[in-house]
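Supplied in structure tokens, the structure appears directly below.
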Amino acid sequence: MATVESISASIAALNESIETTNGGLDVFYLLFAGAMVFFMQAGFAMLCAGSIRAKNVKNIMLKNILDACGGAVGFWTIGYAFAYGGADSSKITFIGNSDFVLANIHDGASLIGWFFQFAFAATAATIVAGTVAERCKFEAYIAYSLMLTGFVYPVVVHSIWSSSGFLSAFTDDANKFLGSGMIDFAGSGVVHMTGGVTALIAAKILGPRIGRFYDADGNELAEPVSFPPHSVALQVLGTFILWVGWYGFNPGSTLGISPAGYADVAALCAVTTTLAAAAGSVSAMFTDMVMTRKATGETMYDITMCMNGALSGLVGITAGCSVCEPWAALVIGIVAGWVYIFWSNLLVKLKIDDAVDAIPVHFGNGMWGCIATGLFASPGLVDNAYGTPNYGWFYNWGMGNGTGKLLAVEIIGVLFIIGWVGLIMIPYFMLLNAMGLFRVDALEEEVGLDISHHKGAAYDLSGPSEDVKEKYEI
Amino acid sequence: MATVESISASIAALNESIETTNGGLDVFYLLFAGAMVFFMQAGFAMLCAGSIRAKNVKNIMLKNILDACGGAVGFWTIGYAFAYGGADSSKITFIGNSDFVLANIHDGASLIGWFFQFAFAATAATIVAGTVAERCKFEAYIAYSLMLTGFVYPVVVHSIWSSSGFLSAFTDDANKFLGSGMIDFAGSGVVHMTGGVTALIAAKILGPRIGRFYDADGNELAEPVSFPPHSVALQVLGTFILWVGWYGFNPGSTLGISPAGYADVAALCAVTTTLAAAAGSVSAMFTDMVMTRKATGETMYDITMCMNGALSGLVGITAGCSVCEPWAALVIGIVAGWVYIFWSNLLVKLKIDDAVDAIPVHFGNGMWGCIATGLFASPGLVDNAYGTPNYGWFYNWGMGNGTGKLLAVEIIGVLFIIGWVGLIMIPYFMLLNAMGLFRVDALEEEVGLDISHHKGAAYDLSGPSEDVKEKYEI
Amino acid sequence: MATVESISASIAALNESIETTNGGLDVFYLLFAGAMVFFMQAGFAMLCAGSIRAKNVKNIMLKNILDACGGAVGFWTIGYAFAYGGADSSKITFIGNSDFVLANIHDGASLIGWFFQFAFAATAATIVAGTVAERCKFEAYIAYSLMLTGFVYPVVVHSIWSSSGFLSAFTDDANKFLGSGMIDFAGSGVVHMTGGVTALIAAKILGPRIGRFYDADGNELAEPVSFPPHSVALQVLGTFILWVGWYGFNPGSTLGISPAGYADVAALCAVTTTLAAAAGSVSAMFTDMVMTRKATGETMYDITMCMNGALSGLVGITAGCSVCEPWAALVIGIVAGWVYIFWSNLLVKLKIDDAVDAIPVHFGNGMWGCIATGLFASPGLVDNAYGTPNYGWFYNWGMGNGTGKLLAVEIIGVLFIIGWVGLIMIPYFMLLNAMGLFRVDALEEEVGLDISHHKGAAYDLSGPSEDVKEKYEI
């Protein structure tokens, strides 16, 4: 008898050992994924800086750094509490209401969860920096950044990702919108659209840079003028860093790797993420090449298309990376390239000036990602990753029933994000603008923000002075 | 009795739990390692771009990005299937024949395996980009890149790494070449030589850049002209990224970390990789310093030597990182620095123009890595990592038997790679060349490919215009 | 009975399985963390290079690379042995004395431990490179770097981190200094102060760059002259890479993730690291903004403050990241920003020229990090991470006892590091200086070290030549 008892104790101890191991493994997984997502801040900084003119490089990079810093403080004080605090899957709430400043939280799983979620919040915020570059006041940007990470973004997260959100796939079955809730696995909508809508609103209210669509006196130009990126090398570096970071962003969104089935989901995410990025890049570049050739007769391969196409594919697959087959990821990526080109041209037609084309990438393809999930989510994979009964419209169509419940939820999610962000951000930016706090004055814009506000130019590539060269006959 | 049954059930459940944990851990391990290897794409892009003239920066970077994208598509459609599909350790085949487009593959282990292998394929392809920079047609490069990742590289992988390959160490014992098969742990041969041989063939057929060995009219110059790198900062960044990425490349090649003994192998790889890189760097730089001092009397420390020396050490240890003692890694690295210098000088003598010295690094030291494994593989470590009976010639020699079986297999592997890649790539590039599709015309080359084909220069570092400066008295 | 026996065997096998899994997990954890820390080398290289003038870029980067390489060789041959070799928690020793060249070490845990520790050693060494940039002889730097990683740093490590160190928290209780030993979790003192003290000594003995405080003839200038950084983009990239790398540096310092409780500690480290960095950045930038506005009336946001503030917060939290509450991390970060500004101004007053402000960041905040731990270490968290009885003075104060034992140990640790490093490094640099081996001559300094010693300038951003432009009418 003693033997049986001791065996039971041994088995209990073993179970505990495995649980400890799993706990360690999952914390490590989110540490890795969170660090990768945080690294994307460097990617955004390099991409944005590279895309604009040399005279505003310090300004944009300062904004990128402060997005990370403000995001940390904002998300620690209130953002995380609003997003996830006090969630209870048996009831729907608008906003969370506990765990401010991580009070009383000491377990590793929650702490590393905060770290991972903070990195996402900082990403959402920093999407806007590029769009409004070269003309947005520094103080206005800081105010916006705190507003987004502290309040606007957390409400979106709460609604779609917490277990009390009205669109969440993680509530009790009775509370699931249209029986499933929204599938936005890593945040095409939650992160990229939230940033992208804000960017669109900001760009519209802020107005274009002088000389882009209108001259300094406000006269319309015959043709829009593109300002060439000051460093393609920085852009490429930024793009690659973002792509690499996405391997934390998408697979990491399982939020753990030890539970049964999670590893299958995470591995699938790595594959679909890769294929969508590749397809988006190739699609955007070759489509642009063909269009340019038709228009001008010249064959030009545009590296900007290639980079923004890859990022478009990445944003496009983010919602559905865990529920789409690899071939579907490829299709989503190809379409993402077209969505990018469409939105990029549309903005020019609407005379909305996006200094780094973040709106086409994050807003245009954030929407596409959510909708694509409603089209391509495969029954088996939805079951694996979510255990919910609704899947992509193409599969329903193929089976002859034509039910579009998931597609409907995805579209409602898209509209909710646009509506909610617009509700807060339109009046907010209009107010800033009316008070003269939003846009730098024309002089500062022409001179460049680095000299005006940041103690001098970002580069000094001069070698030894002429004096020295003469003196030593170099 | 019930107790014994329930205990058995508990034990079965525990075993399953551990298996699940191990499955998650191994998927995570390859996700980490694959992301690190993918990050090397950024390293190659920065290193290659930094090494060439500013007027071709967009062109080379575009090629780097498209290597990743084309690699993903090519390796997904056919490459992976040719490399690993339908392998069966009881028989030898030339090429795989199933798992095209990852059809019917849904388990995490296989999916993440594809991701890791894709990152390797993209690495093999991108090695060539630097060598042919500044003069290779864009379309020719794309065609080559797909050919390599889709067909040429997969056959090499199949032969040496799949369980059906004729040189593989993973076949049934009866099928192992000379009783052991080739030890090329992370691919000094499979990856680096495959890329390196292709680069050598391409460089020879493509011819040198105008002004390197011959002037624009084809007259031989008295002395070869070096084109200085346009940005050493980008080169250094690229080198460090590559070095960091190698910690995914080499330790990751265990393909898992949970099975008994694997962690020992992975940890050893991290140590040998570090020491070989360090030794290669120091060896190349000081050897060059001494040689330059002998020739010119001046003491110069050449950072290019330092960087390419480190990369040479890394390539050199890649084959044997799991089977060499740390001291041997140091020796391999030192020799790798010399191999680099030897090949670099040889190419100049042969008037083969390698714009970034990728041939000395990847081909020269890829060979050295394979041969070094045949010399330094330690009995105990071979047993740990491979369980095969052949080991390094120096150990046999030390024991007085002088058997060189492993060395022989390594040399045969080297010859196989050269032969196979040459067989396909020599006619391929000759055909492209004969059809006038391989090299840009002289005008484009002189103007630079960025202006000719990619919509303008890569950099615009001008600050505010003179007008503005005058107007505001800056 | 047979059943009970077989069950016991099963249970033993299960225990072994879990141990194998844990072993793999921990090796993987340190591989990840070590690679992240190694990546910081790239961060230092970019930050240092970006901070100085374009004419010395190759020189500084070469030093950064050789710190990594020399660090590997130095730490493999003797450094690791001096730091950890033959440690025995029952007795105190000055220095380790076994495991030179990793002889007889084949287990994964020890090998990966070496890799992780090597990356730390290289970090300590490379801190100095920036401070002495633009004027230090290359040979002197190499000599210093080997000295630090091979001997000076290992003694500090031995004293504070090995289980035989006189200040270590890992000795037997009887040997613990003031009952607890020093808490310097990831090395505010061990790594950053060691590098920082050395930088301070070197900068003092080496003297300022020509034209900084004195003109070429040695006459004092009316005002100190700042040399603007040549590339803010490189600085920002470097800062972000360092920040990301810190997620290996701090959480990785648990040295494992599988044992019970370790994951809680690692997760806490990720959170405190994030908050301190964010707080330091914001604190330094706004404090500087307010001070500048008071002095000049202009509102300027200084990105250098923002970056060095973030790094200051990171260094400041490194000692206490595992034992401070998130709110305390925020406070530590805010103060770190002020410590940075104080030290930066102090150095200017003392006419000590630090080309990249590494002394304020690493020395100033290394001290602050140790002292802050003595103030803020929370009882519960100290118990989790160390199991020792002394905690932060503020907590004692709050409880009304006012015991400052931990604070006392921390201060003694700070003094020990200053004393030990000074003892070796002051005479060492004075000797080098007296022999004329420390500083380049004035001509070389004015021309720049790249042209003088490294075969030419680091950049050539010229596009196609004027000839070509004219010929083809571009």
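A, B and C label the chains in the order they appear, each numbered from 1.
Here is the rule we use: a residue touches a chain if its C-beta (ideal position, glycine included) is under 8 Å from a C-beta of that chain, and two chains touch if they have at least 3 such contacts.
Small disclaimer: the values here were computed from a predicted structure and weren't measured.
By the document's definition of touch, common neighbours of subunit A and subunit B comprise C.
Although subunit B and subunit C carry the same sequence, what matters here is overlap: shared residue numbers make up under half of all numbers found at their interface. Put simply, subunit A has to spin 120° for its C-alpha atoms to lie on subunit C, with the angle rounded to a multiple of 5.
A straight line joining the Cα centres of subunit B and subunit C is 32 Å long. Within subunit A, residues 7, 11, 14, 18, 21, 25, 28, 32, 231, 237, 457, 459, 461 each touch two or more of the remaining chains. On subunit B, the positions that touch subunit A within their shared complex are 3, 7, 10-11, 14, 17-18, 20-21, 23-28, 31-32, 34-35, 38-39, 41-42, 45-46, 49-50, 57-58, 61-62, 64-66, 68-73, 76, 101-102, 106-112, 114-115, 118, 138, 231, 234, 237, 453-464, 468, 471-472, 474.
Touching subunit B in their complex are the following residues of subunit A: 4, 7-8, 11, 14-15, 18, 21-22, 25, 28-29, 32, 36, 53-55, 228-233, 236-237, 239-241, 243-244, 247-248, 251, 257-260, 262-268, 270-271, 274-275, 277-279, 281-282, 285, 299-303, 306-307, 310, 326-327, 330, 380, 443, 446-448, 451, 457, 459, 461.
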